[in-house]
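You will see chain A twice below: alongside chain B first, and alongside chain C after that.
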Partner chain A sequence: MTRDILILCAAGMLVSAFLTVGQKALFTTIRLYAGQSLLLAIAAIAMAVSEGRQHLYVMAALTIALKAILIPWFLMRVIDRIGIHREIEPFLNVPASLLICLGLTVIGYRVSTGFPEGAEGVTHHLLGVALSMLLIGLFLMVTRKKAVTQILALLTVENAVFLVALAVTTGMPLGVELGIAFDVMMAVVVLGVLVHRIVDRFESMDVSRLSNLKG
Partner chain B sequence: MNSDVLQAAGMAVLQVAGMLALAPLLKGAIKKAKAVLQTRQGPPLLQGYYDLAKLLRKEPVRSQTASWVYVAGPRMYFAAAVAATTLVPVLVAAAPLEAAGGILLLVGTLALGRFALAAAALDTGSPFGGMGSSREMTIAALAEPALMLGLFASALAAGTLNLGGLVRGVLAQGPAFHPSDLLAFAGLFIIVIAETGRIPVDNPATHLELTMIHEAMVLEYAGPDLALVEWASAVKELLYLTLLADLFLPIGIATTVAPGAMLVAFGAWCAKILVLAIGVTLVESTNAKLRLFRVPELVASSLGLGFMALAIRFL
Partner chain C sequence: MNLIVSTLLVPFVTAAFGGLAGGPRRLKEFVVIGGLLVTFGLCVATAAQFLGGVVPSAFDNTLRVDGLSALVLVLSGFVGLLSTVYGVAYLRRNEADGHITERMRREFHSLVPLYVFAMLLVSVSNNLGILWIAVELTTLASVFLVAFPNRDTSLEAAWKFLMLGGLGLAFALLGTVLIFASGQGHLGEGMSALDWTRLMEAAPSLHPFTLRLGVVFAIIGYGTKAGLAPMHTWKPDAYREAPSSTGVLMAVGMLNGALYCLIRVHLISKASLGPDFSGSLLLTLGLLSVLVAMPFLLIQWNLKRLLAYSSIEHVGIMAVGIGLGGEAGVFGALLHMTYHSIAKPLAFFSAGTIAQLHRSSNFDAIRGGTIGRTPMASGLFLLAAVIMTGSPPFGLFFSEMTILKAGFFGPHFVATSIFLGALVVLFCGFVYQVGRLTLGPQPDTGEQPVAPETFDLGAGVTLIAAVLAVVSAVYLPESLIALIRAAARVVWEGA
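Moving on to the complex of A and B:
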């Protein structure tokens, strides 16, 4: 039962990461991220029940509150404020990005078999999905121009790292996880402010304009 | 031997009759659920039947330039949809005519129906028909490989291309879940949305010339011809949802034709279709229709998901 829930959640997270690559509407990508975080929380709860680790409940609650509700709400508010709703032109068009992400998934899955824990069973799938998501997140961060999408990519990477931790260690100590959670929250808040500043200065969320000289 | 053939034929007739009878109800249920989400009253649940009855009573009006292709189109489309229903297990874990073929025959039959309708829409030479067929074919050309990939991903797990055998394989395997199942499901769900003309791809509720795809194709049909097209589309939608339920959640499906097991299977089937229909409704209500040129991107993600599902099986 736990095994099925874990695999279901992990696969769902991979699907949401993959769909994010194919999406240009920012609201939808934020919703996909919220769904992904929710799945992560469910996976954490399943792990907590089966392994009897109390602090994972705290982590799951924190994940839902922060990553499934608060951060998406905050990002949606940022988008509403600045009124930019779409990723107009990523550096790579959608079909090419999808193809590359396919390749990245295969690589992530293949690499996961190299870990001593990742050769078989649930851990194999969790690690494979997590590594794939990590690569997809990095890819998104490199190829998207909008600052908000880059924040979402960073958050996807963070979710992937959490999933790796869940798969390999059945949950890190509470202190470490609390630290990461608040770190992420602060990062999003700071980046949100940064997005406002970028839009103020350049009248666009396009980070590639940051490399142009102003004078 | 002879009684086997008879039994298969009887099962096929029963299944086709059941699917034909229930398909308009599914359309009505989706419409009703959509209306509830929009806090409207919506048409009555049985509106689909009233519409069909009305259309079937009318006299067919055909353009003077129409040839036999135009007349044959809806009939072929309807026949293909009916034939396809005999290849899919609905209540029993065996398709009535599964000896005839499996996944490839199913995809081929549906493609044949689509081709007949597209050819018929071109026949009268009206611009709407041509535009509709061109669009429908553009999407179909992309959706078909994705559909095949998704189906193959599940076929790979069961080791057979036969849909009945596939369901039995999944049942025998027990609830051992693999991530590729969910990936294939997500890919196929997008395809179902695209093939049944639901909102991110096509809007079934409007006849706005800029956006319509399926409706543009059948714009010229009237009376019984139109009834056949609408009915076949409804059957196709029910068929796709049944396929999803069969492949990914075959719990409750009957393994024998005992009355008790069949009753349980019917309840389970209704519940599964209802859940999937609610999913379709939610997608329809929360998304805006995509521009036509963005549709290939959506279908490409479904293709990617199908391919990923296949690849993960091997890793």
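Moving on to the complex of A and C:
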């Protein structure tokens, strides 16, 4: 049972990553990120139940509070206040992006087989998905122009890292987990403030305009 | 109270005080500088306790000071103090022009001590998880210090810095997770399973594949923070935009801290997988950094970017020293770190003064022959250039020689030859650029009025930095040498 839930969650996260690649509306991408974080939390709970690890409940609660609710709310507020250009304009068109991401998924799954736990079973899927998401996050980061979408790409990478942690270690020690959660929250706030200042100055959050510094 | 805890607490409290609204301005400056002075004192006291034979530790060995930590701790405290004093002077100079708002001043007075706090936390962390958290904190604390001048370009630089830094940190986190995973089954799952000391004890039984992947990710991640090529691209932008006091914190504090992380990861890898794996990785990245810095130094058009590429060169030299290994290579790298930390403030402060007086850091705006207009700052910058390029009799010459010796007597003959060639070109390039700037012909027409040089707090601290940099060439205190030796022992013997 928990096995199925875990695989389902992992698959859902991968799908959400792919949908992010194909999505053009900014608000939807943020919701997709929220959904992806929720799936991560459910996976953590499933793992907590099956392995009997108490601290994973804390991690799941943190994930829901921070990544599924607080961060998406904050990002939406930032966009609302800015209030301009809600469409994403990628450097690369959608079909080509999806094809590349498909390739990245294959690579992710291939690498995951090298792990001692990764050759088969649930962990194989969790790791495969996590590494694929990592690569897709990197891809999103280099192909997106808008400041907020770059933040989302970074957060996708971060979710992927947590999925790796869940797959190979059943979670990091609680103290470290708390510190990391706090840092991630702070980072998003700092990024939000910075986006604000950039928009104030440039009247756009198109980061490809940030190209004066060279050499 | 525990010495480590108080060393960390003082800058933290100072940061909180600096962030308070209102209050007399001079009192705040006094408290911030005083706080950092006490911090430096506590750093020295902690190192002294270590040299006295006690290993200072706190929270069940989560924080622990060995030779390497003690060295980085003292250097961070030193640079934190100097840069804070210069930062206060920088604010005062800009106040006269009316560029500084109350909010900016508050930001500055709280973020600088917070940054120092994070730097010190990096250097005393024995736990890889806490280490990551501390490095992330340094990044967050410095973003608004980079964006501080509030120009279009400073926002761009801050954005690039945060995006690239964030990505690097995500990689470092993945590396940390994988290193943690490689020890599971031997080390359990508690907080202490991420302790560096325990990982070192369990090194032979760590899972090789997982560890290998973890080490690669961690080195790329922390290498981004250190500014090793090819992950260095944030550095020139951030250094150009940040005030010189922040530049020094990044070029010395952040660089030493990130290098500290790299060394810790390298040591785990060395103990478990043998010296070649992470060693050759560091050697490659270091060599690449030195080579990448070369063309950009030669065609450079901006004073502060010039310093950034010089910093990329120096972190490359240190990485090469660690990567070459051998007792000499390691000792050379740590000696280089020490001399570099002592000399760098002079370069940044004098360059900062030149740029501030000319209201630009671009060469074509400053024009040649600055020594005629700002004799003291230019003279000191020239001195800094001589020291930074590793000319004898200054310290960086000896550390570079030590590393070269380690290289030529070791198995990496070709790499060392390339390294030597690059160093020679970098030397010429830096001297050429600085000579052109300070000694070159004066512009004959349209001489722009430059504010006269005054002897203020900033000039005072620059002069102190100059004296220290020169004195360090002939005399290093016995205890500092003992610290470097202790640090080299940690890196060489892993104890």
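Just so we're on the same page, the second predicted complex is superposed on the first by the 209 of 215 C-alpha atoms of A that agree within 3 Å, B and C clash if a C-alpha of one lies under 4 Å from a C-alpha of the other, contacts with A are read in each partner's own complex, and residues count from 1 in each chain.
The definition used in the following text is that contacts are C-beta pairs under 8 Å (C-beta built on N, C-alpha and C of every residue); 3 or more make two chains touch, one makes a residue touch a chain.
What you see is a predicted model, and the numbers here were worked out from it, not measured in a lab.
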Checklist entry - Can A:Arg81 be said to touch chain B (first), chain C (second), both, or neither? => result neither
Checklist entry - If you stack the two complexes on chain A, which partner ends up touching A:Arg201: first (chain B), second (chain C), both, or neither? => result second
Checklist entry - Is A:Gly22 in contact with chain B, with chain C, with both, or with neither (first, second, both, neither)? => result first
Checklist entry - Of chain B and chain C, which one touches more of chain A's residues? => result C
Checklist entry - Counting only touches as set out at the top, which of chain B and chain C does A:Met172 meet: first, second, both, neither? => result second
Checklist entry - Given the touch rule stated above, what does A:His125 touch, chain B (first), chain C (second), both, or neither? => result first
Next on the checklist: Contact-wise, after the overlay, does A:Ala10 reach chain B, chain C, both or neither (first, second, both, neither)?
Outcome noted: first
Checklist entry - Residues of chain A touching chain C in their complex? => result 114-116, 134, 138, 141, 147, 150, 154, 157-158, 161, 164-165, 168-176, 179-180, 182-183, 186-187, 190-191, 193-194, 197-198, 201-202, 207, 210-213, 215
Checklist entry - Can you list the chain C residues touching chain A in their complex? => result 127, 129-130, 132-133, 136-137, 139-140, 143-144, 147, 150, 152-153, 155-160, 162-163, 166-167, 170, 173-174, 177-178, 180-181, 184, 189-191, 193-194, 207, 209-210, 213, 236-237, 240, 296, 299-302, 305
Checklist entry - Once bound in the complex, which stretches of chain A touch chain B? => result 3-4, 7-8, 10-12, 14-15, 18-19, 21-22, 24, 28, 94-95, 98-99, 101-102, 105-106, 109-110, 113, 125, 128-129
Item to check | Touching residues on chain B, where the partner in the complex is chain A | outcome: 175, 177-183, 186, 287, 294, 296-298, 300-301, 303-305, 307-308, 311-312, 315
